Every structure is written in structure tokens, then in C-alpha cells.
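Look at the two complexes coming up: chain A is in both, with chain B in one and chain C in the other.
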Partner chain A sequence: MAEEGDRLYVVTADEISDRRRALGKLLIWGSFGLLVAMFAVQWLAQAGTLPIDFASWRPTLYAALFWAVCLNVAQVVLYGERGKRTLFVLPAALFVIFVVVFPLIFALSIAFSDWNLASIDGRKFNGFDNVVQMWNDPFYWNSLKNMVYYTAAILVEYAVAFGLALILASEIRARKFFRVAFLLPLMLSPVAVSWMIGKSMLEGRFGPIARLARTLGWDRPAFFSEPEIARAMIMIMDAWTFIPFMMIMLLAGLQAIPREVQEAARVDGASGWFGFWQVTFPLMLPVSITAILIRIIFKLKLADIIITVTSGGPGGATDSVTSFIYREYRDRSNVGYGTLLAIVYLVLIVLAITLFMKLVDRWMNPRY
Partner chain B sequence: MADTDTAPATQIFHDSDHDRAGRVKWVAGRTAIYGILVFWTIVCLFPIYWTFTTSFKMAPDVMQGNLIPFVDFQPKWKGFESIGLSPRLLGQESTVRDEFLKRFMNSAIVALSASALAVLLGSMSAYGLSRFRYRFGFMRNPDISFFFLSQLILPPVVLALPFLVLYKQLDLLDTRIGLILLYTLTVLPIVIWIMRDQFQSIPVELEEAALVDGLSIWGAFVTIVLPIALPGMVAAFILSLVLTWNEYFFASLLTSTDAKTLPVMVASQTGSQGINWWAMAALSTAAILPLVIIGIFLERFIIKGMAAGAVK
Partner chain C sequence: MKVEIYNHLQRTGKLSRRNMLKGMAGVGAMAAVSGAATGTSVRPAWAQDSANLRAEILKVPGVGMGSPTDADWQKVGEMCLGPTREVVQPGEFEGVELTFMGLNNQNLHNFLFRGFLKPWEEYTGAKINWVDLAQADYNPRLQQSIATGTVDFDILEMGAPFEGDTAGRGLLDEMPDWVKDLIDMDDYVDYLKAPVGTWDGKTYRVSIDGDTHTFAYRKDYYESEDFAAAWAKEGDGSPWEPPKTWEQVNAQTKFLAGKTDPLTGLGAYGYLDPLKITWGGFGFYFLGNRASPLAKHPDDPAWLFDPDTMKPRINNPAFVQAIQDVMDLVAADAYPPDQLNADPNTTAFQEFLAGTGGMLNWWGDVGSNARTSDTSVVGDVVGFDINPASDRVYNSKTGEWEDTRNESPNNAFIGWGIYVTKNVSGDEKKRKAAWSAAAHLGGKDLSLWMVAYPSGFQPYRNSHFQYDEWEAAGYDRAYIEDYLGSNLDSYNHPNAAVEPRIPGIFQYYSIAEDELAKAFAGQYGSAQEVADAIAEAWEGITDQIGREQQIALYKGSLGL
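Right, the complex of A and B next:
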């Protein structure tokens, strides 16, 4: 991520008069003052000190939006041309701060409280009770363990995707048709897939796959009653949707390898299996790692299929962390505990991904 | 993996017996390759075919496992009637159709606006980051890039419950705006990833020439750079569209009646009325159809978008 493109160097004479500078400052701090004032008024109104009744916190939201707009305008007023360059990045940055950083801080504050949205008591700070509860919650640890299984399945997906990419990159007819056909599963919504495959094709009596299983000698096919089989089915459905994703990335990588390299290898006698392991595979390592990394990131969000097909069953065997927290919230509508679980999950993810990046770092920048 | 030992270059030789053996091997290899290709095509397309045909089946057809229309079974509009989209019902008032169209429109509006917003914000910041030097406090360009791209790691579940509470306070629960904001966030890093790659491949001399000719920076960005980067923007837009159209998790938590999207509708139907296969199949078909069409006709843009990060 450190590499940089060509820089556009622009020199501009920005002469900002004192009055203009004062105006810019006034814009920023004035609107910020308005935001603070609005927030204070609503806070007091909610506490009952002020006799105003607000339906929601919308006014504060509008004040915050107004402040964001003023902050952008003030960039140009304050810094002239340099400010116009800032305008490229500032809106997106403000957006992310508003929708991620602020809610994350808020999440930290509710993670340590007992907050049942259904009850009228509202929020109760309960210190580390949630942490203790999490520590003693076998289902959470079970779902974390499942995530390890699910993530490990990526290696198989990778092998299949690599094989398909190799075939698509070789000399075949009707390449475009096969590419489109192989891509289609990626376009389908996981919810539709979970009905199409999970609930109809894998249905025990009438589903075509169950029928096939019966002709192959499995008497009473049941795909979601045994823990291992159910987990494998979830893995297969998820793999079915996401193999095209890895395949396309690997295909792009294969096509970027200069033909000369492979031809030279062939001339030197390295062909077939040997040539693949000695030439193609090492060259593909950086792309492979990127594809696997992105795939892991998507896999860690896995929930839709589980929620709609098994809702975690049998006995939590297919639960992912996301689907578990979803169910935890749906059953008890306790946002405090769920948020704590989610934040612990986030911390684990960040640690795991950092570790992963460190481990694969030397393969990302291979020496040829 | 069978294909690696069937390099086409072996074809150059034709004469000796030794090479004839190679020819047999080549034919075997080809057969294996096309066998794999056809097998995987069936794996990919059969569920779609199954869903599509099931939407025209009656109950006995489903139970007997009939597969081929007109041969095994006579297609009926029963499935599509249940969402009010059969030829017979098209002219009439239909509450189920209104319900379906409402969900469809919700999905369309949310997905299109979120993708458009993400492409707008993402292109601007990707361009800025690839062309100018910034310093926001301690953050320089690589840090800002990382700040944006790291959002990709954030699992939706971390934001879901805080957003539930915040949206409740802000009266944004069950509104399309609320969903649009969240969806924009989920695809923004991907858009920035793709667009940064695009802008870095555009030579900076173009803008320099434009600046010399008297355009402002924003003028050069809008009139010179954006048209060149348009394919990348289309790729980013379509990829965002796919992700936002299919999103279920946030939609099921944050919407209930007004802003409910198509995936939530599909999911809510599965358990409610036994195995009403034809209705579910018709609904699923209608839900996946727009993206299948996009996938078939705009495939090269999707591939371009996904390849952006892979090849540096």
C-alpha cells in the first residue's frame, strides 16, 4: 500500500486576505458551535431540564451535516487552491469518520452495559459482566472454532479456483462462454442461493441432489442433521458463490505473467507439473496471497447462508460468529452483550490478519 | 491440474511414433479439460436452471423430480402468479405484486444510490490520493489510504448493533437513507481500491497539459481524467451494485416494513408456508434475474474490476 503513483505538482500563489481567513475560521467554529449547542439543547431536553420535546436526535444530525459542509467550504476559503485539493479526500474521510469511527466509539461504550432494547429500563452500565458472560459462553467459543474451520476451507476453494483459472487461461474454445458461466454464481444473492441450493436442491425428499444421493446408495439423505455434514454443506454453498471471485483474480494474475517466462521454462525442459511448481506457482504467489486475503476478509463476514438455512443448527455446529450474534440479538434483544462479542471478534480478526500479513510478507515480494 | 501437461506447443511435431504417442496424450488431455469445463459449467448453472424451471412447476412435478420442461412436465404460471407477475394477472390489481414491486424498488433504489455515492466519494479520494500529497495531522498519504482500505476488514456485525441503537435515536430505522449510508460504507474501500489502480495507470502529463491550457484542477479531473477512467468507474459501480443488491444482514436488522429489501423478503418467505416451491422459485428467480443479466452482458467490467487489485 505504500507505492505511489505519479504526483501532480502544482504551484499556486494563494494570497489569502485576513478577512477571508477570519471568515473561514468563523465558518468552521461557528457551525461547530451550532452543533455543540444543538447537542446540548437536546441532551438537556432529554434529561428533562428543558421543556422542549424532540421526537428524535435528527436536529443534531442536521447540525452535524451542516458542520461537515461548512468544514469543506472553509477549506477553500481558508487555503484557496490547496483547499480545493483537500476537497478530493475530505468528503470521503468525513463520511467514514461519521459512519465508522463515531459508531465504533459508541459501540465501545455500549459493550460494557446491559441494554435490552425491548425493555423500558434503558441502558445499565455493568462493567465487566459481559466479559465474564462471554468467557463462560460455550456457544461463542464454538462459533469462533467454526470460523477457523470455515477459514481453513478457503485452501480447498483456492485449489479449485486455481485449477479453473489455469484451464481458462489455456488454449480452449468458447472461453468467453465458460468465463460467463463460471462467473454467474458470484452474482447471486446468498439468500437466494440458500433457498435454491440449501432449501430446495438439498431437501431430503424431492431435492435433485437428495435424489442423486439416493441413487448412489445413501438411503435417507439428510444434509443438515449431522454436525459435520451440515458444516460441510455450508462450506460448499459459500464456496460455490465465491470460487468465481478467486478464479477471476487468479486468472488476471495468470494472464499478466509474460509468455516468454513460460516459454523459456519449457525450452529449458521444465514443462507440465514441474514447470507449474517451479515457474508458474512462484510467480503467482503475490496474486494468490492477495486473493486469499480478500477471500478471508469476506469469509469472516459469512452469515447470510447460515442464518437462512440452518440458523446455526444442529446444536450450533454451523454457527459463524456473525450468525451467532445475530441470533443472540434476535432472541434476547440485548445489544450490550452482542456488541461486546462483536468487538472481541474484531480484535481477534485484526490480530489474525496482522499475523497473516507478517507471515506471508516474504511471499508477497518474491525475489526472482 | 490436468491441463499443465497438455501444452499446445507439442503440436509442432508430427512425424515420428514418439510424437504420435504425444498426440494420444494430447487428445486425452483435451478430453479431460473439456470434461472438467463441462462439469463445472453444470455445477454453476444447474442451480439457476433448477430454480428457473421450478418456478413453472406444479406440486406433482416437484415431487416426481421432473427436470425438463415440455418433455417431463408442462410449464404453468403458478409460481409467478403467486407474486402477481403471470400474463393472466398482469392487467389486474394485485396486492402480492405491489408488495413484490415495492421490495424490488427498495432494493433497486438502495443499491443504485449507495453504489453511485460510493463511486463518487471513492473516485474523488482515490484521485486525490494518487496525485497530491496530504497531511492531516500525523496522517500522510499511505496512512490515509490504509485508513480507507482497512474498513474492508471491519465485519458488519461490529457496526450492526451500534447502528441499530443510533438509528433508533435518529429516527433512521427502516428508512432507505439509513441503508444507503451503511451500504456506501461497505463498498467504499473496494471502490477506492479499484479507482486508485485506475488513476495510477493514467499518465500525469495529461493533467499537466490540461493545467497549462488553463483548466483548474477540478476542471481537469472532471473533463480529462474521469472520461478516461470511466471503464474503471463502471467496473467499480457494478461490483458495488452486486454487493449491495445482495446484502442481507444489515437489511434484516435495520428494516422492518417500509424499507425492506428483496433479500429480506426472500428470506422471510422460506419458513412461513411449508414447501411452496413454485412460489419461492419464482421469487428467487425474480430476485436473481437482474444480476444474472448484468453478469451476462457486463461480464468484462466485473472481471476488470476484480482484476484491478490482483495485478500490480
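Right, the complex of A and C next:
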């Protein structure tokens, strides 16, 4: 049957000779050998074993590209028509390996190194020293703790976004205007939001919100001096920027629900709240989960507003993992440790998101 | 000169065509005596030419005639080619290509250099390729180039604090003697002379800028009869006058909290410490202002580390006192609300200049902005002085306090300079070309134009402080004298605190800022605890970068 199936698609009947097969294998292994040899030569030259002075690692890069081309060509040489089919996927797969997998491996090797850019000795492998340092680093744990607070705030953002989406989905006046108006914050750069709101409107002496607070009886308004208030302010500014994103996704979901469903519920005697809670909300769950998931991913990258407005203060109360790594890496040139922190954060994110999706899957598709 | 100062002077009419023409007649004479007046060694053969030249270049485009353009920069570059012509033949560098890495802040720095060097390129035949960097990208680009062995520039605009990273690693080319003669290094203000710009006795830097923190205070606070009367009741018995020591600063700051500002009618405050000190390393300078008179002993060139061991001094009694003073003021609620979120920029430009707070330390531009910025309300009531002294000084060698008054201005950052990298060392023609370009930019006459017109650079030569020359060119005498006087006193102070030019110095500052921010937010029980935490982190950085190397480089930077 397989052969019959193949007949449907194979245009040319390839007769692959032994000689051609040998040429194909030679292409692959020959170019791979060249790559390994070039890498070895450069490695030894860098270690000082060979008296050759390479300006950069480009020769190895060129050898790798040559190997990739040979690997692709060899597919056709070796397998003919079937090899051509492979070419639809292989270049893309190689590209992914080159730009994702290799850098990740390189990042891992840096993460387990002592590499301060100011050190004359350069990079030194230091085993698990960076992990131990991380374990004992109160700044990192503090920023992780803050991330838990920031992520938890997404539930409130979700509730607000759902409410706004419901309003915009209903027959209100100037609906189109409000849709655009509610989307505006999303169009602003978080850095612009930081300056307009965090550093201007919330400015303690002349900012309009501070003036209003004084009018309302708060003598010395200070929005970034108490840890809880400062963290709340960061949350509010971030929420203001990104609630429209969740809102627009939820609005699209609401509009996709057929009107008949609500009408049927109403005919069956469901009240407004009952209709929402028992009909609309469950139907919206898949969209909601997607919106929350994407929002969590956005939130885990939170750094710009914090760096611009508080630099992580007061005393680290608003620090996010990203803003802390930014200081560690950029201000202190501590490449090895900074990379380890980023890798650990990546692992934590992957684990947390996987767990979240599993739980959601179990909740939405209960297995009895 | 800073752009905003220049623009404001034009707007407010402090520069005028009439003033300029009136004064111009005196320029030649004043400039002619400037060398003698400053004791600088202008070569006799050049003296008259130079005097005329200084008068002539100040006419391009003319004070009060609008902001200079590229055509003006080229013209000035052409007029100042004299020293180059003395040592370089026309077309001598034909075929030489140089790469110049510098900043593009406010469309100045490299933009000016391009104009100044255009006629130099035409005369010498060399070609320059430019690498322009934003300030924020500068340090990462430099560090990555060094760490990855990809120093791809021949000439470098660089701040002196990075000399440890570059000269300390042997990446710079030593300045030839003919360059030293050409740029008249004796004219530099004292603190820019060796050891700044040198390593192991070798000179690497052509200075084009100077930096220091100076003390600004509100004169109207001290003219207020209400404050004087209240101080007589509540104060420590001392007269109500601008503070001369940090002890007085602290006492007056506590006293002023809760009073009413005579200018704005809002709350009065004393000294403004930027409590959001996390500022990429630059925030540490502000603790340095408080600490330097306590920690910088006149008999000891070091003050941040022990030069023999690199043991941090940040947790010695002097620094602990400085930190404790800030913590005490936080506890006394003596700062404006939300001061914990006030970084140095906010403290200077949104608070002090806007009328909040009575005292401040900052670089030269706050002094000038006070008079020239549209958002400043304190222009007529601001006074300047050097960094306050302290009533005692800690001697790290004996481990004892000494009850003697100690002054120590904090010359924070040291300013920009032009350096030549080792890339050119193997090619004598290229090397001479690179140094010739650097000498052209750091030339004495060209430098006068740079500090008189918008350039981003502060005065840094003794000859820049000839107020008559400025007045003759059309500037307001009182303004210029006020603006520059406190800088000059700080630059030339015998016990000025100059920062260590060692690799990674901003890493030390940055981690200290993180810990200090926690302390100011009340997360540490005492100043000693936070100081010990900083010291521990500094030891970690020293070990990571390499202790022996740091010791050697620190000693080198101190000229020991």
C-alpha cells in the first residue's frame, strides 16, 4: 500500500546509484569533518596550542554554513524526489537550531561561568558557584516574590477587562468611540506611560494627582515611598497599559458567541447574572484562558516602567526579576551571573506556564 | 558650554550684539595677557598669534548670533590648525584611515568633532570613520569590545573613570612628547594633571572636559528674619548663615523641616539627598559628597579602598557616619515627601531649581541652570560654594578620628578626554595621525571655543577662568564669575577627592546604590550593617575581577 501511495506523488522515478549514494554521504560527512576540523583548529589556536592568530570565529561559522548547504544538497543526491520533500523542512529546522538551540547552549555555558567584563582573565568556568550565589542573593528572591504579586494582579485586571468588554459588547451610545478610547493606553509606549503618569502626574509636589490628594486631605502625598503603595502604583500603571489588550480579546470572544444562546437562556427564565455566570462565562473560558496566559507572559517581562519610575525602589519593593537582571548585567557587567539568573527565570516560567496549562486543561476537561 | 545655558543667554538678552562689539575691542588685549596671568607656558612665538586667534575664534559665529552650525565648527577647526601645521606636512597622512568612537549626546560631541576635524582631514589627507554612541550605550559597548577582544576604534572619547579598564589593560597608546607640548598640559586645572590621565607614569589622555560637584544653597533662607529668629530659639547656638560643614548642613536640615519656604510659600526643606540613589552607579557620587570630607585624609591619596589590600573603606567610621547622617534625616522626616523616589536628576531639576529645598550638591550645570533654565525659580537667590567641610576627619592609617576641620571637594567623574588605542601602535604613520587628530581636538585655543559655545564640555584649563576674556566676548560678567568660581576652587583644591580609576568602578558604585536604597527605605537596622553589606559585595567584585590586578591598578591610578 505504501508503494501505491508513493506512486501518487513521486513524479520522477529515481534510480539512485551506489556511486551517487557514496557522493551524498561524502558531502555530508566531508563537510561535517571540515566543520569539526575548523572548530578544533580555532579552539587550539585560541588555547595557544597552535601558532595561528584568528581575528574571529567566522571561519567556523562559514564551515557550519557550508555543512548546512551540503546537508541539504545531499538530501537530493541521496534520496532524489523524497530528498526534495525534506528540503521543505530541513533548512527551517537548521535555521532554528542555529539561532535558538546553539545560543541556548552558549548561554548555558556562560551561566556556569564567572564572567565579569571588567576582569582581565575573561570567562572562567565556575561550576555551580553562580547557583549558590543566586540561592543566597536576597535581591533575586525579593524580585521573584514581587513577580508573584505582579502576576496575581492579573486576576483583577482580568475582571476589569471583562467588565469593560461586556460594556462595549452591549448596546451603549458612542460604542465605537469608547472602543477606540479604551484601546489608546495600549498604543502608548510603557516608557511614555512612566513619564506621563509615574513621573509627572504622580509627582509629589506639583503633579495633579498629588494636588488632588492634598485637596482630599492627604497632607504629604507620596506615591513611591511606601513599599505597598509603590508596588500598587506600578501595578496600576502596568494594568492601565495592558487591560485594553485583554479587553479587546475578550470583546472578540463575546462577539463570537451567538445571540441565540443568551436569548434561549432568557426564555428559560435566566436572570442577567445567572445568564452571565452559567452561560456567557463558561463559553468565554477558552478565550479568557488565552488572554490570561498571554498577559502572564507580558507581565513576566515587566521592566520598563519599573526601571524608569522607581529603579526597583523603595529598597527593592518594586523590583522585577527583569529589572534586577538589567542592573546586574548592564550596570555591573556581571555577564555570567546575570545569564544564570535569566536561565533560572526561564526555567521557572516554563514550569509555571506548563503547570498552569495542565491545571486549566484538567479544570476545563474533567476526566471522571 | 551647555546648550541650554547658551540658548537662555540669547533669549534673555544677556548676550547681545552691542555687548559683544563693545567688549570685542578688549579681547585682544585680555587674551594676550591671559597666558601670563595664569602662569601658563604659552610659547613666546605663539603668544601674539594665539591672542589674536582666541579673539577671532570667539567671533565665530559671534556670541549672541545664534547657535553654531557645522560650518562654524569647520571654520573654527580651520582657524585652529596652526599647531597641526607645525608638526604635520600637508598630505602627510594620505591613505590613512582612522576610526573614532565617541558620543552623540544632544547632537554634540562627535558632531562637533566631525566639524573640527574636517579641515584637519583636508590638510593631512587622513580619513576618519565615525562610531556614534548614545550615552547609555557607551559603557556596555566599550566593555564588550574590551572583553571580547574587538577594540575596533583607533581614537576614543572616554571618561577618566574608564582609564582602569583601558589603560590598565594596556589597550591605550602612550602620548608622544610632541603632543604634550602641542596641547600645553600645564594649563590644565590641578586635578586633571597627573596622575589623572596617566598609568605607571605614562600619559594617555588629552583632556577636553572637567567635572566636579559643587554646593548650591538658597541665599534667601539666610536672609529670612523668620528663620533667623526661629534658629536663635531652636538652633545649636551658631549664627544663621550658609553652612560650611556637613554637621551644620544636617542641623539646619532638621531645623528647616516643617517651616515655610520664603520664596514659594510651600514647605521648606534643607539639604536634598537623592534617596532614590539607584542611578546606574552615578548616584553613589552623592553619598561621596558627604563622605569625602570625613574619609579623605589630606595625608592619604586613597579614600574608598586601602591601596595595599583593596580592602573597602566603605564600612569604616567615616562612611558609616555619612550613611548614618542620611538615615537620621530620613528618620527625622526632614526630606520632602516621596524623596525616596527622588533620583539625583529629580532632586536637582524638579526640586531644587523649582524651589523645593535649601541645599544641594551637583555638577556645574545646576549652578548655571539656576540662572538660565525657564523652569528655575531660584536664579536670583542661589549661592555657590565648594563641598561643605567636616569638623573631623578619619585617619584610616591610624584608625582614629582627628578633630580637625577637613575640606574635600568631590571631583565626581573627572570629565571626558580623547585617547588613542594600541590599534595604531604598530604603524607609525597611523599613530602620528591619530595623535595629531587628538591634539587638534584638545588644543588650547580650540578648547576656549568649546567651553564658550555649546559643546557639552565644562571649562578645564586655568586659562578658561579668565573672566575678562569672557566679558570681552560679550558674556555677563557676574553670571560667568558665579557660574565658574566654585568649580575652579574645587578643581584646584589640594585635598580634592578623585575617584579610583580602576576597572569596574561603576560596578562597585552600582551594588552600593542597591544596598543604600534598602537602608534609606529602612530595611537595615544601622548604617554599620549596610556599610558592612556593601563592603562584602565590594570584596566579591574585587575577587571576581582579580584582587592583585585591582591593587596594582589602584596604586597606579593614585600614582603610588
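One rule holds in what follows: the second predicted complex is superposed on the first by the 260 of 368 C-alpha atoms of A that agree within 3 Å, B and C clash if a C-alpha of one lies under 4 Å from a C-alpha of the other, contacts with A are read in each partner's own complex, and residues count from 1 in each chain.
We take it that a residue touches a chain if its C-beta (ideal position, glycine included) is under 8 Å from a C-beta of that chain, and two chains touch if they have at least 3 such contacts.
All of these numbers come straight from a predicted model, not from anything done at the bench.
One of chain B and chain C touches more residues of chain A, and that partner is B. In the superposition on chain A, A:359 contacts neither chain B nor chain C.
Shared-chain residue A:342: touches chain B; no touch with chain C. In the superposition on chain A, A:227 makes contact with chain C only, while chain B stays out of contact range.
Judged by the touch definition given at the top, the superposed model places A:316 against chain C, while chain B stays out of reach.
Touch criterion not met for A:36: it reaches neither chain B nor chain C. When both complexes are overlaid on chain A, the residue A:106 reaches chain B alone and has no touch with chain C.
Of the two partner chains placed by superposition, A:155 touches none, neither chain B nor chain C. Once chain A of one complex is fitted onto chain A of the other, the partner contacts of A:203 extend to both chain B and chain C. By the touch criterion defined above, A:139 lies against chain C but remains apart from chain B after alignment on the C-alpha atoms of chain A. Overlaid on A, the two complexes show chain B and chain C touching the same residues of chain A, namely 56, 115, 117, 199, 203, 205-206, 335. By the touch criterion given at the top, residues 56, 114-122, 139, 199, 203-206, 220-225, 227, 230, 309-317, 327, 330-335 of chain A touch chain C in their complex. Against chain A, the residues of chain B that register as touching in their complex are 1, 3-9, 33-34, 36-37, 40-41, 43-48, 50-51, 54, 62-63, 65, 67, 121-122, 124-125, 127-134, 136, 141-142, 144-149, 151-166, 168-171, 181-182, 184-185, 188, 192, 196, 199-200, 203-204, 207-208, 211, 216-218, 221, 242, 245-246, 248-249, 252-253, 262-264, 266-267, 270, 275, 277, 280-281, 284, 287-288, 291-292, 294-296, 299, 302-303, 306-307, 309-312.
Of all residues in chain C, those touching chain A in their complex are 140, 143-144, 146-147, 150, 165, 169, 266, 275-276, 278-281, 336-341, 343, 346, 350-351, 354, 356, 503-504, 506-507, 510-511, 514, 517-523, 541, 544-546, 549.
Per the touch definition, chain A reaches chain B in the complex via residues 1-8, 10, 55-58, 61, 81, 84-89, 91-93, 95-96, 99-100, 103-104, 106-107, 110, 115, 117, 163-164, 166-167, 170-172, 176, 178-197, 199-201, 203, 205-206, 208, 211, 240, 244-245, 248-253, 256, 263, 266, 271-273, 275-276, 280, 286-287, 290-291, 294, 297, 300-301, 303-304, 307-308, 321-322, 325-326, 329, 335, 338-339, 342-343, 345-346, 349-350, 353.
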